[in-house]
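Input: structures, listed below.
Next come two complexes built around subunit A: one with subunit B, the other with subunit C.
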Partner chain A sequence: MLLLRLIRNEITKIIGKKRSLIGFAAIGVLMPVIMFAFSYHQSGFSSDFSRRSANIGGGLIMVGTPVNGYFITHLIMNFLWVHIPFLITLVAGDVIAGEGGAGTFRIYLTRPVSRLRIVISKLCASLLYTATVILFFAGLSLGMGILWHGTGDLVVMHKGILILSSHMVPWRFILSFTFAILVMWVVTALTFMFSSMVNNGIGPMIGAMAVIIVSFALTTIPLDIFEAIRPYLFTTYFDVWQKAFHDPIPWFNISKSLGILAVYTSGFIIISFWIFVRKDILT
Partner chain B sequence: MSAPALEITGLHKSFGKLNVLNDLSLRVETGEVFGFLGPNGAGKSTTIRIILSLVKANSGSVNIFGRSIKKARHRSLIHTGAMIEKPDFYLYLSAEQNLKILASMTHTPYSRIDRVLDIVGLLHRKTDKVRKYSQGMKQRLGLAQAILNSPRLLVLDEPTNGLDPGGMKEVRDLIRRFSDDGITVFLSSHLLQEVEKVCTSMAIINEGYLIREGNVSALLSESSEQTVRIAADPIGKALALIEHLPDVIQAGIDEGHIRLIMPKEKIPSVISHLASQGVSIRSVIPQTTLEDYFLSITGNPPILQETV
Partner chain C sequence: MRNLVRILTALVCSMYLSFLPAQTDVTSVREKLNTQFNKTKDFSVDVQLSLKMTAIRMPQKKIRVFFKQPDHVKIETNGFAMVPQYGLPLSPETLFRAVSDMILVTEPAPEDGTVRLMGDLQIRDEDRQIWNFSRKQRRALSIEVTVNTRLWVIKGYEIFRGEDKLIHVQTRYTEPENGIYLPEETVILIKVPEELSDYQPDFPFEEGISPQDGKVTLTFKNYRLNQGLDESLFLEGPE
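== the complex of A and B ==
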């Protein structure tokens, strides 16, 4: 019960801060713009897609358009994937360091509640925020996409062109967004760890983004020299959400990726707990 | 015999190579208003942070009402309220929301929030965001959060920092009121007049060492130095004569009087000397203040602020 109250406290604090709304505002503004852009350029996009398909060969004939709510959501996920972590770090970076910098720990941590409980509540609230951002992203893109562009089969590029029939697409999206939340929890945990180390909300954000950008670069630059270290970079497994749209679903591969991400997440969390419980509050 | 409200034994703390506290021991009896004095950097804030488990001591123990802060943190802090330096709140939340957050941590009923806001005179502003509060209002809100869980021990670190004289008097009156309600108050301050006005006992630390501890009036009477206010005419000549005398610790003009600090036994000879040099002495008023006492034992001039 106490932990639930502490989590509620942390959520109250997160909601009260303007920076917490930036993620929602950014997604909220971007989605209608993208949806409108797809309406405006739908015919052009369809012919472009047919031309690209023709390049693959195999005599594919496109009748109608592949553009529908599902297709647009899948496309947006691909486009925005590297930007979402930034929105996550805004809050996760501030949740401990922000209080350290603002001096509120002098009041909050002198209550008869263990620091472990407090740091757990902060982590839970951060993870909840991350999940909410992703669900907002999912709800808005799918909701607007379906309302604006309808439903249909989903065309994805995987080992050529893969067409997933409309009846199996919704649960593929559920699976994909679930994986997306788990991936973003790694970002949350990483930022949270940095947040436990300093007393400035900006530092953890920059630190986490720097680690992610460098890791992404090492993951995606096609050089043999980076090949050896790729398995040890958590960003290597960030694309696990895309595997929900493969056919058949590579469950073993997904489990392995999620397992490795879970190890990273746990590691970051354990380090942040260890630091927070022991740190002297001097601000 | 009941356990003391606060008992500190053999406290050591260092930050890197810097020793901040050295074998500090203190005892605050239940019901006292205990002044904790020291010049800047003496280790007062570190001591308070250790008492409230914000900072971990290298060695030594802190017991609150007989319970170890290390072994029974929850049970010792449940009876403790605190305000450390300037109180910082969640500025984007209202006073009521801030106090709700804190109340929820100790099962304190929300009805208590209105009660404490009423005590500090902020009930009518409870829905305002703390961002809109003046420094004095924040300070009063700091006191409100400190007494939210009906503490038996109140730890206050520089509670009048940044306040104007009116605000300082308000805080001082509140401290007296808490004491009248039976709350033990541990008051750290560099405002010596404040400690002198409010506290029954006190301890003085310097460079992490305890220098003196005891009843305020008893400690003041043990001083070997005396402060006197001399009304003399002409005052300039009198001051010039005094300044050339040996053993003078401090001399200056204050509100039309000469304020002189020197060993008690030397003062009659100074008066005789002034009279023999043609200075007319209208009055000699002895004054031993905590400020003088503090100066005499720490060698540091206290930081003075205007008080009411």
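== the complex of A and C ==
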């Protein structure tokens, strides 16, 4: 009960900061722009897709348009999964370091609440914020996409062109966004860990983004020399959400990726707890 | 010298005369096919499309095809579909227009009640609405068409590149109205070898391109013939 009150307290603090709204504002502005743009570029997109499918062979033509709310949401997910971490770090980076910098810990930690409970409440609030950002993204992109462009089958690229039947697409999105939340929780935990180390909110944000950018680069640059270290980089498993749209769904592969991400998340959390509990509050 | 000219003239004439019946036969086969197909001024039909290919996986689709003479086609579907337009009931001339140097094949002897025509398939850019092959795949194609001479319909055809058979189309017919024969089921077998599959880096295939094998089955139901379809229906062209 006490922990719940602490979490509510932390959530109130997060909501009170303007930077917490930046993520929502960015997504809120971007979605209508993309939806609007697709209204104009739909036919061009279809003919381009048809032209490309000529290379597969078989002489098939595309009839109708693959563009619908599901397709646009999937496309946006493909573009944004590299950028969403930045929106996450804005809050997770400030949640401990910000209070350290403001000097509020000196009073806060004199209360008869254990440090562990405080750090758990801050972590829970950060994870909740991350999940809310992803759910807002999901709700807005799917909601606007369906209202603006309707529903239908979803075209994805998996071993060629894979067309998923419209009735199975909503479940795939639920699965995919769930995986996306779990992936972003790794980013939250990493930033949270950096946040527990310093007393300035900017450092953890930049630090976490630097780690993510370097890891992404090593994950995606197609050089054999990076092949050996790739399995040890958490960003290698960030694309797990895409596997929800494969057919058949590679459950073993997904479980392995999520398991590795869970190990990283737990590791970051344990380190941050250990640092915060032992930390000297000097500011 | 005069004798030589006479001999040469005789040779040329005999060659021409031997070639003429073959040409006449090809022309007559085309005419009979067109006469049969032109019995229908327009029609619409519901098509169940089943596609099983290595590079394209699509659930079964229902499409509706509208046709009006001479060659107006409109395809409607819920959402979208990948369709082999060359497997739809189009005018025989749509096919023959893309074939040059067509001859009647006599060796090996065709099945009873059929004739075989052979020629070079030359797909132009404007034919890509029917044959959506890449430029690389379009090169040096030949076609062999089997015609049912009892019903005067195209029973099937095969597209070759050298010895490789790329496409095999086989059609079974139904008689929706007395004396009018239209497809009931068309089965298309596709086998595109690896060297004809163009890799494009901006087309994110996860495992690259492999030889493309596949089978497309088109089942035609509910023919509605000669409804007087308006030309405006076809103005937008195929979607």
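The definition used in the following text is that the second predicted complex is superposed on the first by the 283 of 283 C-alpha atoms of A that agree within 3 Å, B and C clash if a C-alpha of one lies under 4 Å from a C-alpha of the other, contacts with A are read in each partner's own complex, and residues count from 1 in each chain.
Following the convention adopted for this analysis, a residue touches a chain if its C-beta (ideal position, glycine included) is under 8 Å from a C-beta of that chain, and two chains touch if they have at least 3 such contacts.
Remember, it's a predicted structure, so these values are computed and weren't measured experimentally.
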Inset, instruction - Would you mind checking whether subunit B and subunit C clash or fit side by side on subunit A after the superposition? - result: fit
Inset, instruction - Name the contact category of A:104: first (subunit B only), second (subunit C only), both, or neither. - result: first
Legend entry - Touching partner for A:5 - first (subunit B), second (subunit C), both, neither: first
Inset, instruction - Put down the vertex angle at subunit A formed with subunit B and subunit C, C-alpha centres only, nearest 10°. - result: 170
Inset, instruction - Determine, under the contact definition given at the top, whether A:114 touches first (subunit B), second (subunit C), both, or neither. - result: first
Inset, instruction - Based on the superposed arrangement, let me know which partner A:222 touches: subunit B (first), subunit C (second), both, or neither? - result: neither
Inset, instruction - Name the contact category of A:231: first (subunit B only), second (subunit C only), both, or neither. - result: neither
Inset, instruction - Check the residue A:13 against both partner chains and state whether it touches subunit B (first), subunit C (second), both, or neither. - result: first
Inset, instruction - Could you grab the smallest C-alpha gap between subunit B and subunit C in the overlay, to the nearest Å? - result: 47
Legend entry - subunit B-touching residues of subunit A, taken from the complex the two chains share: 2, 5-6, 8-9, 12-13, 16-18, 102-114, 278, 280-282
Inset, instruction - Report the residues of subunit B in contact with subunit A in the complex, numbered from low to high. - result: 49, 52-56, 73-78, 80, 82-93, 97, 101-102, 104-106, 142, 145, 149
Legend entry - subunit C-facing residues of subunit A, complex: 46, 50, 52-66, 68, 152-153, 155, 157-166, 247
Legend entry - subunit C residues within the subunit A interface of the complex: 51, 53-59, 63, 75-86, 128-134, 137, 166-167, 190, 192, 196-200, 203-207, 209, 212, 214, 216, 238-239
